[in-house]
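In what follows, structures are represented as structure tokens.
Shared between the two complexes below is chain A, which has chain B as its partner in the first and chain C in the second.
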Partner chain A sequence: MRNPLSLIVGTVGVLALLGILGLAFPESVAGDLAGIVFSTSTATSTARLAAPIVLAGLGGIFAEKSGVINIGLEGLLIISAFVSVYAASVVEIGSTVFGVPALAVGFLAGIAASTLLSAVFAVVCIEFKADQIIAGLAIWLIALGLAPFMSTVFFGGVNTPNLGASVGWRYSAALVLLATVGSWWLLNQTAFGKHLRAAGENPKALDTVGVSVSKVRYAGVLLSGVLSGVGGSALALSIGQFVGSGETMVQGKGFIAIVVYLFGNYNPIGALGAGTLFAGLQALQTRLQQLGYGIPSSLVETIPYVAVIVVLAFVGRTQIPEAAGEHYETEE
Partner chain B sequence: MSDSDPDTDRSPSVLARLVAPFVDRSVAERLVISVAAIFLSILVGFAIVLVSGRIAECSTAAWTLPFTGIGFCYDPVEVYVVLFNGALGYPFAVGDPGLFNPGWSPFNLSFGLTLSETTLLIFTGLSVAVAFRAGLFNIGTQGQLVVGALATALSVLALVPLLPAGRVAGVVLIVVGTVAGAVAGGLWGAIPGALKAYADANEVITTIMLNFVAANVAYVLVLEVFRAEGSSVVATGYVPEYAQLRPWLFPASSDFALIALLVGVGFIGALYYFVEHTSLGYDLRTSGVQAAAAEYGGVNAKLTTVRAMTLSGALGGVGGAVWVLMSEGRWMASIPDLGFDGITVSILAGNNPIGVLPAAFLFGILKGGALEIGFRTDVPTELVAVLRGLIILFVAMPEFFRMIGRYAGVGGGGVAASTEPDETGGDGGETDA
Partner chain C sequence: MNPAVHLDGITKRFPGVVANDDVDLEVERGSVHALLGENGAGKTTLMNVLYGLYQPTEGIVRLDGEPQSFDSPRDAIDAGVGMIHQHFMLVDPMTVWENVVLGNEPKTWGGLRVDRAAAREAVVELSERYGFDVDPDATVADVSVGEQQRVEILKALYRGADVLIMDEPTAVLTPQEVEELYGVFEELTEQGKTIIFISHKLGEALSAADDITVLRDGVNVGTVAAADVTREELAEMMVGREVLMDPATPPQETGDRVLEVTGLSVEDDRGVEAVSDLSFELRAGEILGVAGVDGNGQSQLAEAITGLRESSSGDVRYRGEPMAGKTRRDRIERGMAFIPEDRQERGLVMSYDLTENAILGSQHDPPFARGGRLDWRASRDHAESVIEQYDVRPPDAGAEAESLSGGNQQKFIVGREFERDPDLVVATHPTRGVDIGSTEFLHDRLLELRAEGKAVLLVSSKLDEVQGLSDRLAVMHEGEFTGIVDPATVTEEEIGLLMAGESLDDESVEGAALHDDAGDGAGTGDAGDGDGADDSPGDEIDGSAGGGEGVDA
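Up next is the complex of A and B:
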């Protein structure tokens, strides 16, 4: 289960079996299911839903590889989702700022907000040696309070009005692929990637060769902020609205992202595969509701969450970086 | 804190000095940090109110920055005055002559609401604290509360026709309902405990996922099976009045029963005794601080993990029972975030059962005050949810306050010298995310 390859092979296998069953018995449940899985609308909504999960997961890899467990990814997604919609609505759809269209401004603002919040997290964890898990929870809870608060201030309710414009699924898919390849390259092919892994595995060695451990860790956490910002903005702008009721529209995707990169064994390609799988489950869930098997929609909604628990139970202890979660004191 | 001279470098801050004779230094330090964290988050909240008041649109400025003439839509001073004064039912006469309102009585509606929140937060705070002491992050108190609350409502409603209505039946129903809530919450909490112990699944993630599952499954159960006839919302029928915890001394609409608060205080005492003075509690604490050492010392770490999560879940379930029997009178779909508030309460309390009482009262004031903010100002009540996160963030960074302490020349020596392992630390939680 730890090998991302086995995951991909397994997924393809299940899909193939489903396809064959669906073709052989088009009238059965399998036939319906195959119809859903291979329909265009499921594919496009998978691409849309995969963006926040995979991108936050990639961000989580950078943070954790550098030695800082970022459990606040959910908060970064929430804040960027809100700010992207807010900024786009301030610019107003149809107008531009310095030639940049409103949706793009929203995107950039969302990324900036998430990066800023991740910077707060980085300072708290690295400078002030906070417990990373508790600080991460705080980042999540701050965003969970702040986004609906600001939405109420600006729009008079926890849900923003719809922008009336949205980003197409192709952009989401392209961003995900680009970020995955880019992350893989950065982690495995550059000196920075080497430093990042050393900061998480053996910070003392990194320190000995004269590279600042805290600088590398700052970079890792900030990267998680940038990537989560892209994911959160993509999520909200692909719908054109921020929903702030309950657990907000992010609905635990930041936590699913953590499971995704654990499942993918810290490999960006593995995270892409696992993230697409979970996003596919969520997309499937939406379609199943529309089809109506007499199963209450709320029950179907639990499928991705149960899947996360099952996966986590099977994955168990992963190859977590040796020094992740620990503070590092420079020895001068 | 700048009033002491540099010579008193090794003395802790004023507050710590006051309490030092009664508690050991690490508790004193934690107390100082908790107070400072609240103060700091209120300060940041002040800034947030100002900034959002600058961006929000209004016809006349509610507050003007001195000397600059820059107007703001919200008055942060007013917000906090309303928050703290309002939570207590306006005992202080602000703007009027005299310090106190002559007509004030402690048994007013607002203070009742505050104490009602306090009571609920005691249970959720204890739930999070017990898990923390065992080195486990139970973020799932919310789900355990939802499940426990449903079990309470359903068990009481099922037993009502079997018993003759009356005071005796009421007591029986309340006890049975609370036990049912505890059992259901405990079982729900045992799931992530077992997953952690036997499959190494990180409890932070599993408990958060189980929150979603609990909310959805409970919703479906009530929607499809147990929904009260003619109810416009997704809710069970009301528990009969004689089986509810009714307000006493306080106005009926305050939803505050003194007996529930007393039971909560009893729970605090019992839990303190359990954690500090029983062998099971000792196992729990040692596996929280040093899991490997505990195992070496003969503690069954896996079983301890399951036990701690079950106990934690049961406390969350009791919180749900009290919510049904005291606050709402029935189970309904829009359950407040009491479980998440419990995280703040526990962290504020240094995960110490005794500390849960003042922490829950303080957070109860914030929650009670939020209602007043909603009535009297334009500032969204979500402000308190922001403060909830900020408080956790600041308590999580003791080093920040130590730095300030060193910088100010106060509290540095005593505080910085403590190098003992941080018990809040989730050694158990962070090494296997």
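Up next is the complex of A and C:
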């Protein structure tokens, strides 16, 4: 808990300093910045961006705690982002009241797609003992190619048309909070949480007391699929469109999610704090671009990543599960 | 009354191997039974059958007379058989109570929550009943090895075990913890639990067990009451022939000075001085034993001599050449062999096969290195010759080091180091974890090296080993030699006093053993010493001084 706490204190400190400077010198750059940081639009887009980052981060915690490092979170976000939009468009937003049933279908389809892809990853890693890093990269690359391709097939372009209705930021925020509390409970209060931890720390200890290590690891990886699915769907449906050009609309959020949970030291609350911080930085960067500061946009876009490096340098090493990344084979 | 455990004609075959051949074993309720045998005698296989990991090829397991058929350890646990592995099956960052209840957590809220209070209560209640001193809220990683073992026992008891199987329970314990474990045995058996423990240590079986069953090559050689048998008889049952319990050290003339250590001080990893201003010398054809309680600087001394650790001050000379600034590789090339105490960490690369391991340290030298590439054929031949000469099992140069038992790993390392044809062997705990047959063999090899005129620095915590093999015995305490004594005349009590840091009266200490630097200062005294033919350590100080004079003149 020490790391997330110092993180929160530091963030609050910087924000307070900025606020004071902004109030004292409203005409200066600090005043401008303070205006941007404390604007409603920055807050709402933070909530919207935090959903995929925090949810994928929570998913990553479950996978890695069980001993499977899932660096394919990015791929899970991409696939669920596209499938959710596609499913919602099939139901046709316009024909339903406020688009609610269509959005619900979109969510379910997005979660299903991400879970399915994570199941492929789980089988390859647990059953066939493939290298987890390579398999994770493959999951990302598959989704990165597949989602824009399907978009082209179904919609005639890598970007889907806009659905014309979207999920409000309040729902995104609620989903994030719910998932964080739920994950914390699952990890710290249930027998499953204990088994998960044992599977990642000393799988043999779990095996000898008669709990199947593979089952626990499958559960961990599938949960990472479910949570990433919620995150990816929330990202796409909050805008009502899937953008498939370049790195797609996910834009590395799945990779930031890995940093987020490492940073939060495998604690869901910590991941929530770190995820919100990075989402805030991304929102800020977007706002700065919109306001047309004389800074090149490509430089501004690096802010979250530079922040990752800086923050990691200060936070240092986290408690990686002892057996993470190692295959486990039960005797006989 | 039926015995608590009755293994009836158990045969277990693996492809190409018969691990257990028609073994009968009966264990009375409330008794401690030792299963004694050498590495590879089939003890562990037999116990794996009893706790359900293996299914017997033939034969039947009976508990209280009832035939059982176990498909998995889970079945055995349900029938009241608990296994405590040599390497503990604990999750280090979790607490004691979390480990004890793992997999059988009491739950509340319809299974949504682990009932922490009930779990702690159960652990506290069990530890009180058996008199264990265990803090349920401590993190396992923070408690001592002895305590971790008690957590393992609690795990088995929590699951309702009546029969406890322990695999080499004392292997990782300090002598004090071993005593505590024997106390735990008593508590458990008084309350009707039955204990079977696997061991290859005679003394342990004799002092802790009521009955002893000896296995050899998968066959039950016999079951005896511990009260009615001697060490020698047991050793003979284990090995199948008479065993010389005390190696004889024939007197021998020593040759040139091979190693001179002057005023050596070494720090440990934390920067604390572990070796303080130590001076001694070692001659060709001599074994200098270093005894002492583990952690009194023996490891750091060995590392400083072999070049694995920098010394903070002082001087190490090897065959007259100062070793300051010489790397490990330089020293290997000059004929300095090293048997490290942690064989898995430093002796072998566990994921390499034996062929690769056989050339570690010689990988730069012919015949293994030729024109910038490694000659794997030569390496393999070398590995096979080590395997054959040192009886490493299984005899497969392609086997990964990891797949060998500890004793065989050790034999392989010793073989590799001895086959370097060294002039100096620094051996730390060379027979730790090795069965008695192999120990006897390794001792013979050490004496052969000595007869060939090699110098040996033997660090061991086994007192009978250092005392039996050494020509001179140094006792180390807090980084200093509290005395260098003649192992033939010193008593165990005297060694005990030295180990505790006390000094002996002048007459019982070989006063000459600690060398005066004066004569060594020039470092060229070898010529004068060599022909001294002074095999008695008592004369050495004169020889050394004489050498100094000889150079001056």
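Here, the second predicted complex is superposed on the first by the 316 of 332 C-alpha atoms of A that agree within 3 Å, B and C clash if a C-alpha of one lies under 4 Å from a C-alpha of the other, contacts with A are read in each partner's own complex, and residues count from 1 in each chain.
Note that a residue touches a chain if its C-beta (ideal position, glycine included) is under 8 Å from a C-beta of that chain, and two chains touch if they have at least 3 such contacts.
Everything quoted here is computed from the prediction, not taken from an experiment.
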| item | value |
| --- | --- |
| Chain B versus chain C as contact partner of A:Val100, first or second or both or neither | neither |
| Touching partner for A:Val124 - first (chain B), second (chain C), both, neither | first |
| Contacts of A:Ala174 with chain B and chain C, given as first, second, both or neither | neither |
| Contacts of A:Leu206 with chain B and chain C, given as first, second, both or neither | second |
| Touched partner set for A:Thr302, first chain B, second chain C, both or neither | first |
| Comparison of chain B and chain C by chain A residues contacted | B |
| Partner chain in contact with A:Gly145 - chain B first, chain C second, else both or neither | first |
| Intersection of the chain A residues that touch chain B with those that touch chain C | none |
| Residues of chain B that touch chain A when the two form their complex | 48, 52, 55-56, 137, 139, 195, 199-202, 204-206, 208-210, 212-213, 216-217, 219-220, 223-224, 340, 343-344, 347, 380, 382-390, 392-393, 395-400, 403, 422, 424-426, 429-433 |
| For the chain C and chain A complex, residues of the former touching the latter | 53-54, 72-74, 77, 83, 85, 89-94, 98-99, 102-105, 107, 111-114, 155, 159 |
| Chain A residues touching chain C - in the complex, by the definition given at the top | 185, 189-191, 194-195, 197-198, 201-202, 204-206, 208-211, 319, 322, 331-332 |
| Contacting residues of chain A [partner chain B, same complex] | 64, 69, 71, 120, 124, 127-135, 137-146, 148-150, 152-154, 158, 247, 251-252, 255, 258-259, 262, 296, 298-299, 301-302, 305-306, 308-309, 312-317, 320, 324-325 |
